[in-house]
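In what follows, chain A forms one complex with chain B and a second complex with chain C.
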Partner chain A sequence: MSLFRADAGVEVIEEANDHEIVGEEGTPDQADIVGRTPWALAWIRLRHDRVAMISLGFIVFLVLVAIFAPLLTALIGHGPNAQYPNTGLSLSGIPVAPGHNGFLLGTDDQGRDVLSRIIYGTRVSLVVGVGATLVALVIGMVVGLVAGYYGGWSDTILARFMDILLSFPILLFALAIIARFGPSLELVVIVIAMFSWPYIGRLVRGQVISLREREFVEAARALGSSDLRIMFVEILPNLLALAVIYATLLIPVNIVLEATLSFLGLGVQPPTASWGNMIAEAQNGDLFTVAWWFLVFPCLALVLTTLAFNLLGDGLRDALDPRHGRSQMTPKSKATRRADAKGRADAKATAEAKASAAMVEAEA
Partner chain B sequence: MIGFIIRRLIYLVIVLVIITLVAYVIFFAGNSDNLAARFAGRDADPQEIRDAAIRLGLNHGFWYQYWHYLDGLLHGSFGLDFQAAIPINTEIARALPVTVSLVLGAAVLWLLIGIPIGIMSATHPRTLRDRTGTIFALTFLSMPTFVLGLLMLLVFYYYLTQAGFAWFPAAGFVPFTTSPAQWADHLILPWFTLALVQAAVYTRLVRGSLLDVLGEDYIRTARAKGLRRRTVIYKHGVRAALTPIVTQLGIDVGVLLAGAFVTERVFGLPGLGQLALNGIENGDLPVVAAVVVLAATFIVVMNTVVDILYAVLDPRVRLS
Partner chain C sequence: MTPPGDAPLLDVENVVKYFPVRGGAVVQREVAQVRAVENVSFTLTTGETLGLVGESGCGKSTLARLVTALHPVTSGHIRFKGEDITTLSRRQMRPLRRSLQMVFQDPYGSLNPRRRVGSILGDPFSVHGTLSRGQVKKEVQDLMARVGLSPEHFNRFPSEFSGGQRQRIGIARALALHPDLIVCDEPVSALDVSIQAQIINLLEDLQDEFNLTYIFIAHDLSVVRHVSDRLAVMYLGKLVETGPVEEIYSRSRHPYTASLLSAVPVAATAFRGARKERVILSGDVPSPVNPPSGCRFHPRCPKAQERCATEEPLLEQKPGDAPGHLTACHFPVEAGEMLAIASRETPALVGPPATSAEATAP
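This part shows the complex of A and B:
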């Protein structure tokens, strides 16, 4: 079962006729009619989205950089934490500008290679961003499934619990917890996941509430499937497209959250490089005014990464959920609000949603 | 309506109890001795630590301390801080005007920036203007506040001052009552930092909302009966499209009033966010708990206001 929704089969037949070019009229050639899974169709649509593909390429590049960080820094010849007092700092102790003495992006206040540190910072950002999002995704999906499927008391309690968690001042609590228990990478991941899963949970719950009334669930129940089987084998696959979209949009939010924690001194601790703590070091004593590269390059890495994930998320939404009209989430958090604002803004999707309003109705 | 507000008030009380309890657990569970040692001063002997514990009320059990705190709250007092034994109410009274100045000023700015760009994008969909608006929105959506703030400082404070135009100060706050001009001058960069990031969200929100509205039948009817395009867009379209923006504004202001931590830190503004950050760094629990209570109150109250406002603006929505 890899259907997004019960009626996805119709789409397979319709779009397979289109010679891979989605939405364009082609002469139906019998030989070309292939049954494709919705995922394959989504990939075809995504491939035609140039912005999303460039973003995807950049993200793949980031992943490779993170994996091969030791190799890359060995090639550069500067370790991320190694200090180069002779070549990396001028006689008066000022960081070396980009392109001098073999430091492509210059050095920081301790004579360390900014490029090597940015490369290692990629690891931190991706591990925290992707890791925390995956944890949040698993918790959010399970809680959302249980709350939405069973309804009644368990739903009331879980939904209220998520609401209350969402009225927590997140950053303040994250900082308080980390300050109390001491900063570490694991704690940062846990804390971020702890406060971001309700977004997924609420979304999944809303979907499940409408899905559980659908015929295929009724059919499964009539066949005697257990609740667990209906939840995880019948309903769950219908949530995956949504989960992929929102996970992609949650990753940049979590990357920024980690960078913010590190910037405030309660995330990843020096000397381990993270983009956030590099920026904090650049701010310390207004160092960035003498060495702009020390501030600008980590900022650039952070902004480009966030942008890439946001653009890919937009593209994925169009590709996986072309009938998407408006988001199911009430826009209350920054993360959901961003996702929501972008979703609603998509004119094409809105038009398509209107055209197939009858089909979408069940999802609202 | 009254029933709705009462239910929300009960909800607020429950949320506050849970949130303060969590804050107390985070700081206190098995931590009283550490806190006492911390505030007993350097090289304190055991007796001094015990004295500090008694002075700070840390010698009592967890539930007693928590109850004592709630009792204070009921009497409108946040208690004394650990560090200097100053009433926290005084500190908040000092910090709140800073945060309010920052957030309300920024809110005006982000509406002035976000709404026109959103309208422009929606009325010219898929044109160069729309795409420019989209690029603006995506750029600032992807920019963390501290990145934008520091880049602002680099360009508009440092480079401008270097070039001989010392227009903007780097940090600090001047109360409005002292000098309105100085007040605004110190806040311009923070305002823009906060506003640009938020404006990006509003641009997208207005664009999406207005596009939806402009697709409605009554818009076509208005055009068909001969009304001018501009009249239709602004009188019929924008008015209806602004409902979600009003609600969003309420939520954002509520969240930010609890402390625009990063903006305050970058620009050295002594607001609620700074107060909380200092409290966290010093382990000064009562201060942190006070800001937590304020923050949660702002968030829940603004959510309630927004729900009521929504029902007023859109009669189809019923409060239940």
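This part shows the complex of A and C:
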């Protein structure tokens, strides 16, 4: 069959192709394209997403604030737990308004600097939100990998277990557990992680079930790779994008959960500042009707943080998983969805504020 | 390492593979079986290429995965270098895997999209722990050069290569540990024709260089004819005809083989004299869950008679055929016989062959 003889024609075509490729790489403009990782490509896409970049900037800012909290409060001159009865409260005991007596965001009912307390609250929120999410991520990935890869009875057991955990009334169980063992930061992280890993686990399991049927997994098996190697070398890299997206979306949920627990007095214990217990203390009385700032600013910190993580997660989804993102949509619908996302996040924040208010009323 | 004496490199004996079909509302029960491969036997000697052809879904790929021990067999034996791989555990199988490799059909799906080519090609060495890290890099670059890729590209991702280049990567991976047998599961069917030629030439060069044995699965008959020494034709999980490739191409005995071969488009000038009547099969391939009785081909066979529906033909040498040319048919096609065309309207599954001579112009 002349078709399969390596005749001159075929060779020429091959050479021509090679030259073309070489030529492309040879040009200095394109040289840096070679070897770009999927992550690098995602970063390029993310950089064009203004909302996500602003959110990312805000999160970086939060992280810096959390890290340099002692430095910042030293600069401000007010410790987070120090009370300033002389400068922080008026003669009749009303908190000082923002901008007066060197209190940028005013003081609370005990004459403490709201800004300093919010700065220290950032630490708690990020440690708990990010920490619990990381723990959840590790557990969820491992369980999801095992369940999805092995299938069969181990999958049945693990998948049912995740379903059961997800059907628990989280808050109720968290309250029970913390009430039993006494509140502490570590316990809050553990409890939140315990109830949030099944979200990751279920997602990972579904992905693994489809990934394990791919030919590259079969190829690895044909080479004699062990199950562990297939799970962690072949399948895991294909899950990381998904994990990053959903971890980013899980962080705000866990931050709110921490705030809720602190609000209910079971999270971070006073006088240590956390956004949750600041909101709780502010609502514990009706002083906030005259001095709105010491209720509003912690709420604002919570809402902005939640919003930033959600918007970043949204942008990451588009950047890392272009097939399921907005990249296929027209610019107009992009804008529409952006607005939708914002609306959703706002609605969430409003709902949270309402829930907090409802709790206060219930307490009163 | 060559097998002692005349022992074949690969000896497949009465291999059967059934896949369970599960159903049921709450408890999943096995309700049926897909008879993917049934009673297949063949042998393969070192340096030989066996072409495996058949329609989609006839069990070719399943057979490939049985031979490479990716699926367990339901029954039967597969001996590779004298060792029965059907009884080995995964751990015991591992050293044998070095000499038993596979090239996959889909050059897009068979390479992990999230790993660099250098890392993918380093796998054979790291899995089998044969080399140090520095040596691996050198080996990988040698491999890439050997299959016609630029060694500098080892830091690239599979998505940065074309289909043909990716298939070269797949071949390099199979070649890495110097195997004896490579099972090629439709290695070129996903590629452009000009690229197909390059890949096939590469496979042939490698065969000469490393004394490789191939099982070459394809549904493109001209490709198979070009690369194979022997041919095995499968229909619905069974071997229907096997023998030296030219023998089968020149005088196929099984009506299914004859119809397959008659479907190969030929350049009008090349075979003007020997132009064959095209045999057009009617109907679809029956379900392997519930295969036809007797000869599995009889519902579609232009030569089917009553006996075909009741008695299963054995794969045996027919009188007048060359040694090694085996056919599983009660009424093999005679030399020069024009196969009648089974017309679409033929309702009778058994009975005299339909004689309507449909126009065969394409």
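Methods note: the second predicted complex is superposed on the first by the 290 of 364 C-alpha atoms of A that agree within 3 Å, B and C clash if a C-alpha of one lies under 4 Å from a C-alpha of the other, contacts with A are read in each partner's own complex, and residues count from 1 in each chain.
Rule of thumb we're sticking to: a residue touches a chain if its C-beta (ideal position, glycine included) is under 8 Å from a C-beta of that chain, and two chains touch if they have at least 3 such contacts.
Predicted model only: the values in this text are computed from it and were never measured.
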State whether A:T37 touches chain B only (first), chain C only (second), both chains, or neither.
second
On the A-aligned overlay, A:Y84 touches which partner chain: chain B = first, chain C = second, or both, or neither?
neither
In the superposed arrangement, which partner chain does A:F297 touch: chain B (first), chain C (second), both, or neither?
neither
Comparing the two partners chain B and chain C, which touches a greater set of residues in chain A
B
Quick one: is A:E234 in contact with chain B, with chain C, with both, or with neither? Answer first, second, both or neither.
second
Mind working out whether A:R221 is in touch with chain B, chain C, both or neither, as first, second, both or neither?
second
Looking at chain A, which of its residues have contacts with both chain B and chain C?
none
Going by the contact rule set out above, which residues of chain C touch chain A in the complex?
65, 68, 70, 93-94, 97-98, 101-102, 104-106, 109-115, 123-124, 127-128, 153, 155-157, 160, 170, 173, 193-194, 196-198, 200-201, 222-223, 225-227
Hey, which residues of chain A end up touching chain C in the complex?
1, 3-6, 10, 13-14, 34-35, 37-38, 214-216, 218-226, 229, 233-234, 237-238, 240
Given the complex with chain A, which residues does chain B contribute to the contact?
14-15, 18-19, 22-23, 26-27, 31, 121, 125-126, 138-139, 141-147, 150-151, 154, 158, 170, 201, 204-205, 207-209, 211-212, 215, 244, 248, 251, 255, 258-259, 261-262, 265-266, 276-277, 280-281, 283, 288, 291-292, 295-296, 299-300, 303
Would you pull the chain A residues touching chain B in the complex into a rising list?
164, 167-169, 171-173, 175-177, 179-180, 252, 256, 259-260, 263-266, 279, 282-283, 286, 288-289, 292, 295-296, 299, 302-303, 306-307, 310-311, 326, 331-332, 334, 337-338, 340-347, 350-351, 354
